[in-house]
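One chain, subunit A, links the two complexes that follow: it is found with subunit B in the first and with subunit C in the second.
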Partner chain A sequence: MKVVAVTACISGIAHTYMAKSGIENACKAIGASCHVETQGAMGIEDRIPQDEIDAADVVIFAVDTTVTERDRFEGKKVLEVGTSECVKDAAGVVARAIELVG
Partner chain B sequence: MNAKQLGKDIMRHFSTGVSYMVPVVVAGGIITSVATIIGGQGVWTETETFWGVMRMIGQTGLNFVVPMISAYVAYSIADRPGLAPGFITGLIAFTMGTGFLGGMVTGLCSGYLAKALKGINLPARVQSLKVMFIIPIVTTLCIGLLLWYVVGTPIAWLTTSLDAWLNSLQGAAAGAMGAILGAMMAFDMGGPVNKIANTFGNAAFVEGAYQSSTLVLMAISIPPTIVFLATLLDRKKKLYSDAERETSVTAMIMGLCGITEGTIPFALGDPLRVIPSIVVGTSLSCALAGIFGIVYPVLLTTYMAIPFANNIPVYLVCVAVGSLVGALMLNALRTLKLKKQEAAEATE
Partner chain C sequence: MENLLTNDQIMLNTVCSTKDELFDIVSQRAFELGICDSADGVKADLLARESEMATGINCGFAIPHTKSAHVQHPAVMFVRTTAPLEWETLDGSEVTRVIALLVPESGQNTHLRMIAHLASSLMDPEFIEFLSAEEDVDALREKISERLSE
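Moving on, here comes the complex of A and B:
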């Protein structure tokens, strides 16, 4: 299972990165590969290469704002949640994303 | 699209606008604050002295807040085509005195109009004409005219009345305002509810409604103070684990720098007890500050603002009382939890 995700919160200093580590840990726990891009106050960091997006099974947007350059994800299965859901229960969010693709 | 989804989308567009605006408020607000505090009120009208120049730099930043929010709300809706009309109409909104509210309205209108124009299918040979000319010109002109002739004046009136009302709040009314803002600031420690209150505080500061901005800003470092104080008061070290003690110190250090988010790791370990305690404590501090009319005309957080409060001893008492009540409440709740656990273990 290949997961890619984008996290972004309003101030872009805390929730963005906590959601990132939450998703990474949750994916690790179930043996899924994942790449999380953060769109915080520093702008885009750890940008996901387009070929990884194309190869991904599912996309998670853990965002409170609009995803920058969203057109890169055109046609992908996307689960969209708020960052705080990922901070509280990242495992649940990842499970829901995987359910989405069956 | 149903109304609920639309509301959610609009909230997200506002959030995006705010996220781009925050550095502008911080840069402009803090530079202006420092300049007026050190240079005195004279700096507002001159650029002959160093502090006058510094005020000018900061104020230029603050004047940019409304165009900025308008542009990035529009950008969030329509992507790049939203930026130009958003900036231009936002600047008009600012000069008309419509404040934040006006900027949000012009951002929304510009964004949705630009998006709608983007969606119109034209023959391929005029398609590039659409992007180059039609979208920026039509959107800017339509929203500009709409603002000037229709919505601008009522919004400006609303903003002025709101500012006047906020500045006139005294005693119990100001206390109630403080209680609500403090509770919102503490509730999710930097999350969406906190940001609503924070944006309100920033807007109030930009408009010169310093009492409201004070009630928001002073709340920022109280949640970390509460958890730090709670671990300190637990002298026998029974209520908190070593890991919790460590996170409370980190939270306090971040709190001193004006970041509430440091409290989140601590709160996540026991949200049902931590969140109510910090909400009650912070709310109490801000309510007291409202009742006693604490005001500071600077964009600084709880501790950094101390020298600028109009009544420093009373301000410190307000902060201390709320923090202490929050900490004691947290320790009481944790003691109950501990007793429950002990009882459960005893019966096993």
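Moving on, here comes the complex of A and C:
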């Protein structure tokens, strides 16, 4: 299972990175591969290359604000949640994302 | 490299009964240490961010933060309160452990990155346990500083 994700919170200082950490740990726990791009106060970091987006089974947007360059993900199955949900229960969020794609 | 954390920024056994009082204590200490140019100013900015989305997370922790024109240099403050504070949290717990993150408006990437590392560490149950239980301020400062630079 290939998961890609974008995290972006309001201030871009804390929740963006906690959500990333949560998603990464949750994917690791179930053996899913995972690439998480952050869109925080430092701008886009760990940018997901287009070929990885194309190859991904599912996309998670853990965001409290708009996703920059969202068009890269056009046509993909996306689960959109708030960053807090990933801080609270990243395993649950990842499970829901995987359910989206059967 | 500027120090984001000194022993004076770690306050254990702090007496206060509300979130508002906690913000007073943090802002006042930040002002005394020259971290901000106005206690009222930084408190208002912390409250503004808090009202957009509450910063209570899990296990009695909250991470109020602000990118503020009043902040002179980036700083981390760690407060443990003697009594639980009412605070909107993800797991419904009351807050007794507060990590306040103060960043200048023109936050430099080096410092933002350090704070990002620390934020990520708050997802590590071992680190949370350590922050909750450790009594030695030097040990706390060292361990938090480690997590800033990882």
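Worth pointing out:
The definition used in the following text is that the second predicted complex is superposed on the first by the 102 of 102 C-alpha atoms of A that agree within 3 Å, B and C clash if a C-alpha of one lies under 4 Å from a C-alpha of the other, contacts with A are read in each partner's own complex, and residues count from 1 in each chain.
In this section, contacts are C-beta pairs under 8 Å (C-beta built on N, C-alpha and C of every residue); 3 or more make two chains touch, one makes a residue touch a chain.
On a predicted model such as this, the values are computed, not experimentally measured, just so you know.
Once subunit A is used to superpose the two complexes, subunit B occupies space that clashes with subunit C. Contacts of A:10 after superposition on the shared chain: both subunit B and subunit C are touched. Of the two partner chains placed around the shared chain by superposition, subunit C is the only one that A:25 touches, whereas subunit B remains out of contact. When the shared chain is aligned, subunit B comes close enough to touch A:65, but subunit C does not. In the superposed model, A:42 lies in contact with subunit C only, and not with subunit B. When the shared chain is aligned, subunit B and subunit C each come close enough to touch A:88.
In the superposition on chain A, subunit A positions 9-11, 13-15, 18, 41, 64, 84, 87-88 are in contact with subunit B in one complex as well as with subunit C in the other. Residues 49, 52-53, 55, 57-58, 63, 65-67, 90-91, 101, 103, 107, 109, 112-113, 115-117, 119-120, 122-123 of subunit C touch subunit A in their complex. Taken in their complex, subunit A has these residues touching subunit C: 9-11, 13-18, 20-22, 25, 38, 40-42, 64, 84, 87-88.
The touching residues of subunit A, when paired with subunit B in their complex, are 8-15, 18, 41, 63-66, 82-84, 87-88. Residues of subunit B touching subunit A in their complex: 12-13, 15-16, 18-19, 22-23, 76, 188, 190-192, 195, 259, 261-262, 264, 268.
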